[in-house]
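Note that chain A is present in both complexes that follow, paired respectively with chain B and with chain C.
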Partner chain A sequence: MRGVRVALAVLAVLGLAVSGFAAKKICLYFDQTGPGDLSFNDMALLGAQRAAQDFGLELHYTTASSPLEFLSDLSSLAETGEYVLIVGVGFLLFDALPEAARLYPQQKFAFVDGPNFDLPNMIGLLFKEQEGGALAGVVAALVALAYGDPAIGAVAGMEIPPVWRYEAGYRFGAYWAVDWYRKNVGPAPDLRVLVTYVGRFDDPAGGKVAAEALIRAGARNILGIAGGTHLGAFDAVEEAGRAAGRTYGPPFAYGADAAQEYIKPGFILGSARKRVDTAVYEAVKWALSGEPGFNLVLGIAEEGTGFSTEEDIRTFVELAAKAGYPLAGTPEEVINAILGARKSVPEYVWKALAEFEGLLRAGAIQLPAADTAEQIAEVRARYP
Partner chain B sequence: MRAILESLLALALGVLVGAAVMAAWGRDPWGAYAALFTGALGNVRALASTLSRSLPLVLTGLTFAVGARAGLFNIGAQGQMLLGAVVALSCGLLSLPPGWHLLVALALSALAGALWALPVALLKLTRGVSEVISTIMLNWVAHWLTLYLVVQKLSDRVVGQRTFTVPMGMRFPVLQGELTWSWTVSVGMALFLFWFLWYHRQGYEVRAAGLNPRAARAAGISVSRAMVLALLLGGVSAAWAGAIQVLGRFPYAITSDLANLGNLGFDGIAVALIGRNHPLGILGGAFFFGVLATGAARMGLRGIPLEMIQIVQGVIVVAMAAPEALRLLRRLRARQREVVPA
Partner chain C sequence: MNALLQVFPVALRAMVPITLAAVGEVFGEWAGVVNIGLEGIMTLSAFLAAVVSWATGSPFLGVLAGLATGALVGLFHGFISVRLRGNQIISGVGINLLGIGAVGFGTWALWGAKSPMLDRRFWIPEVPGLGVSPFVFLTPALALLTWWLLFRTALGLRVRAVGENPMSADVVGVPVERLRLFAVVYGGALGGLAGAFLSLDWLHTVSSTLPAGRGFIALANVVFSKLNPLLALLGGFLFGYFDALGIQLASVAGLSGAVPYQFIRMIPYMATLLVVALAIGRARFPKALGQPYRRE
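And then the complex of A and B:
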């Protein structure tokens, strides 16, 4: 593995040397906060870095100083004429990105989390967030039942389709898990799914308050689907656990997008994965191919979504260590703490997870749609 | 003349400190400033974006300035701006002939702004409540009220992250790129207030009340009336800032976190200070603010992180605003020494 990486690096350097200053460039444009969220934005950057290395491209990125600048910033980037691809990172670009793509038909754009609006010069990068959400829902619900909790919870960001899809899957997975428990383990009460929308992706303090309220309401398994905001939910979960004198949960948190377990080892049991990095990598490939735009939808079949595996956990602990993230111990200690937490819950949780994942891969489970406000309202009514 | 020289000096100081910050972290400051200017003024499209960005700031700047001229420290523009925006947008629910629709939206928005300023005036004159306190509190009431309306009542059924978009007949026509004819509202209001404050008797009374309330009262001027007038005019101006942001700028809607209305109200305070609380100076101050905002993305491409860009913007704005801010503080302190009965 290491040898491959070194070889790639050498190739990339050679590529740069050959193409000289005519090196092609790509640009990432973040809608909010930019890199450093240990999640969505950092994953996009990671994918772009990989693509830049593999295809010998120069990578630039910049972050919106406010939504007031979306359209003028994108126009400004397109006008440079320097970029083979401009990647808009974040659903909040929903209006500005297609507008810019219409204004600059010669410029190629990618939209992470959004559709391509049938534009020939844009690729839409969408995910089946329901799948990751449902897998997390199965685990959260079974752990909740094992510890006798009346509910599970989620701290969500804004009311937008990618978050709705996570929520819909989470609710579905929880209900599936209760049925599974009744069939395979024993009688179980109904579980409630409590979801709090903080309204922002950059408000850790708000995320913490929301998680504390959920814990008080008896929801000690909490999925974070709020970007930077749910980092505060992680704090709340760890604090509650430590206050009860535990080194493992409950309470447990669940991360999103990246494998976020390393942030609070022992208290984050898993993560609903969404391979933003893969999507951005594929978008760069598309931009170099000259093909017309389309919607790329990544799901579990394409390894684009899923529940974090041991390998994911190791990869992200390594990445975090390399990026200088203050880990709570050596990488090996952190990994042991994370895996220890997984061993601390009943074995059947993982059996059920594997069974659900198998059904999902076989296409035997239909997850509810949640692309519009009306659809998510239906899901909420059906799986309260 | 002296004011312009002072501003240029402050600008130079701010730019130098900003450059030192960037250089200290190993960035190329002059390259970054060059990128800022190309990004904001490099071509007609960029200039249109910059102007469009500054237009609402002219109006919220005027809100603060007209208050300051009357001796008030009015920081209520943020709340009035939010309400002005949401009322203007709500007019999209009515069906009216195109053009008239826009005028009705502007009228109702102005009414909302004035109504939101009224309690400030009443509390000040009847109970002696400082306008600083009442406007801060009303800003929060307006914020949550607007958020409620946007998320619960006006939200788009499909996308959810914003409200419905303004119907075509209620929009300002496009002039060039992001710039629409909403510029007439901002420039018109600035010219009107200039004329009013310097060439109209009641405007003169507003300024007299601000300069020296005792002397004004001795000369038979009603200081209370001058204050009410200044607050109401400010409310209308701020409400229109929100209105033109929604009716005259892409995406012609309000986002669910109110982010596309941003801090237009609070930024107006800085704009007013840069413009020396003079309507014509404010036109310049708002444009300057627009340049800093619109050029930022290009600075980012030069490897300057967002946080550092914001530091540089902040340093420059503070330097530019400092002379007038100091003057204002000095006057306020002098006022406190001789307590004026309302």
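And then the complex of A and C:
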């Protein structure tokens, strides 16, 4: 009996020694899809890769096979005790991640798109999606006014706070833009903001049908805030444009999270950015610092949100080209088509965008909160 | 009123995958073989159709590849369930899982993206002058052809005999296994066409969840149709119509705030369920459906 105990003790010491020599590790845990979306998930991976390189860490990642596995997967990862940080990527981990964090208080967790639930061993990575949404709303509304449309639209995924925040900002930005137009350009009718929730993030057919309905209702500027679902909205926009014999919009679509213009060059005018990469990088820094958990909220002031810049567009075209994405032309052709579309809309659109961005950065604009169902209902009533 | 008419062209497109997959499955079920792997067949063939169209620059070859993929998966299912007399449900589940895994990996390995969009060079062109997809005509034509094959030809009679009472059919010299295999391959091929339509014609993208449940709706449509391909055409259209109408109402009438979207997205399922409930009364399925045949 004693011999066994001694042997175990020796093994334990040896194990400690070995783990002490091995490189420290971090692990990314994706709620669905995983890397390869060239958007939210890939940005998380990009941030983790950058952090792994800068801090000499080893990077692992894995994707959930179903929501039923969330807690058991996270537990097995925590159980290994190998990871300096486990990053849960995606809002769907809302229940499982805090539970795992309570079960394994020694393990540090990060929650992309969710709060830290006041847990000392978890960092919540939140974004002011309203800001990116509002910037897209300003552009969409001004382009709609320029072409005499009665409405702008959005194709949304599920009713969850990050999507609500995009929607709230989008509505606010559109109303701000109409006011701006009246002050600086001329009289303008009221615009309606039509938002369709498809209920899934992986149904391009639903997104396409929704966008076609929006276009028929006169909303020819459509923001996609539905992940894979809004790829269908992009397709509807391009099809409507091609059917009218155009090589660029209107109609125009707008992407979310990543700079998605490369997907339909000429028909996607811009994207509401959300720098998931920056957030994950900061989370790794936090895990190494030994500080207690908190909520990190990234906004335009921290370069965590924004409207896609020319540099963003180039970055993502190159990223897609490198990944082997079937682009519509050479990277240079794609970039030219995107920038050409931007030049095709009136100059004042970009002037207004810059003005709005300046006000946001200066803190002179208060965007509506949309973290709960009541709050988003209020926003919808106020900016219909 | 206007909205009711406006969604008509949308419904014509939405009808295609649900109808094609269901009509194929109707044929297979008449022969006594259930294939619940329609979702997987559509996913796999959507992917391979896109790959071939992209690699060759010919959407037509892409459609053929989709058709062939569906037929091959059908053959695989037939081999397991007819030759090896395996459990048809388990084989179908396997096909669905294979679709998710293989396509998720395949798109990523090939294009570095899990849901790449195809450039319009690789799309199936619309019918000149009409501005609609050729599938809008092909689908009713195939439903009619399948109905004719089943109920107006000697082949159809034999297929139905094999599904109803394989032993009697065998006794009078009808090749049970060969006919069942043929029926499953035929069904798979139509499911493959549905997949090619999804990626090359309707959505212009590929992903592991591309059909988003339409393979399962097609299965419901099979039940609704009481194994009549022409009723399956009607069922496919009805579902597509109510689906599009629900989304149309959600956005345009501005109901989003008042009515939860979950309720609106429920409309097509409720409407289909209602129709099935009302229509199911006299449905009669082949006696030997789902049972492997063992010669004594």
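We take it that the second predicted complex is superposed on the first by the 363 of 384 C-alpha atoms of A that agree within 3 Å, B and C clash if a C-alpha of one lies under 4 Å from a C-alpha of the other, contacts with A are read in each partner's own complex, and residues count from 1 in each chain.
Methods note: a residue touches a chain if its C-beta (ideal position, glycine included) is under 8 Å from a C-beta of that chain, and two chains touch if they have at least 3 such contacts.
Nothing here was measured: the structure is a model prediction, and the numbers come from that model.
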Side-by-side fit of chain B and chain C on chain A, or clash: clash
First (chain B), second (chain C), both or neither touched by A:Arg342: neither
First, second, both or neither for A:Lys285, with chain B first and chain C second: neither
Touch count on chain A, higher of chain B and chain C: C
Chain B versus chain C as contact partner of A:Glu212, first or second or both or neither: second
Touching partner for A:Glu159 - first (chain B), second (chain C), both, neither: both
Which superposed partner A:Arg200 touches (first chain B, second chain C, both, neither): both
Partner chain in contact with A:Arg361 - chain B first, chain C second, else both or neither: neither
Touching partner for A:Arg246 - first (chain B), second (chain C), both, neither: neither
Residues of chain A that lie at the interface with chain B and also at the interface with chain C: 34, 159, 199-200
Complex interface listing, chain A residues touching chain C: 33-38, 153, 159, 192, 194-200, 202-206, 208-210, 212-214, 216-217, 228, 231-232, 234-235, 238, 242-243, 263-264, 320, 322-328, 377, 380-381, 384
Chain A partner contacts - residues on chain C that touch it in the complex: 6-7, 10, 14, 54, 104, 107-108, 110-120, 131, 198, 202-205, 207, 209-210, 212-214, 243-244, 247-248, 250-252, 254, 256-257, 260-262, 265
Complex contacts: residues of chain A adjacent to chain B: 27, 29, 34, 60-69, 71-73, 75-77, 79-80, 91-92, 94-96, 99, 158-161, 164, 199-200, 372-374
Complex contact set, residues of chain B against chain A: 39, 42-43, 45-46, 49-50, 52-53, 147, 151, 155-162, 177-178, 250-251, 253, 255-257, 259-260, 262, 293-294, 296-301, 305-306, 309-310, 313
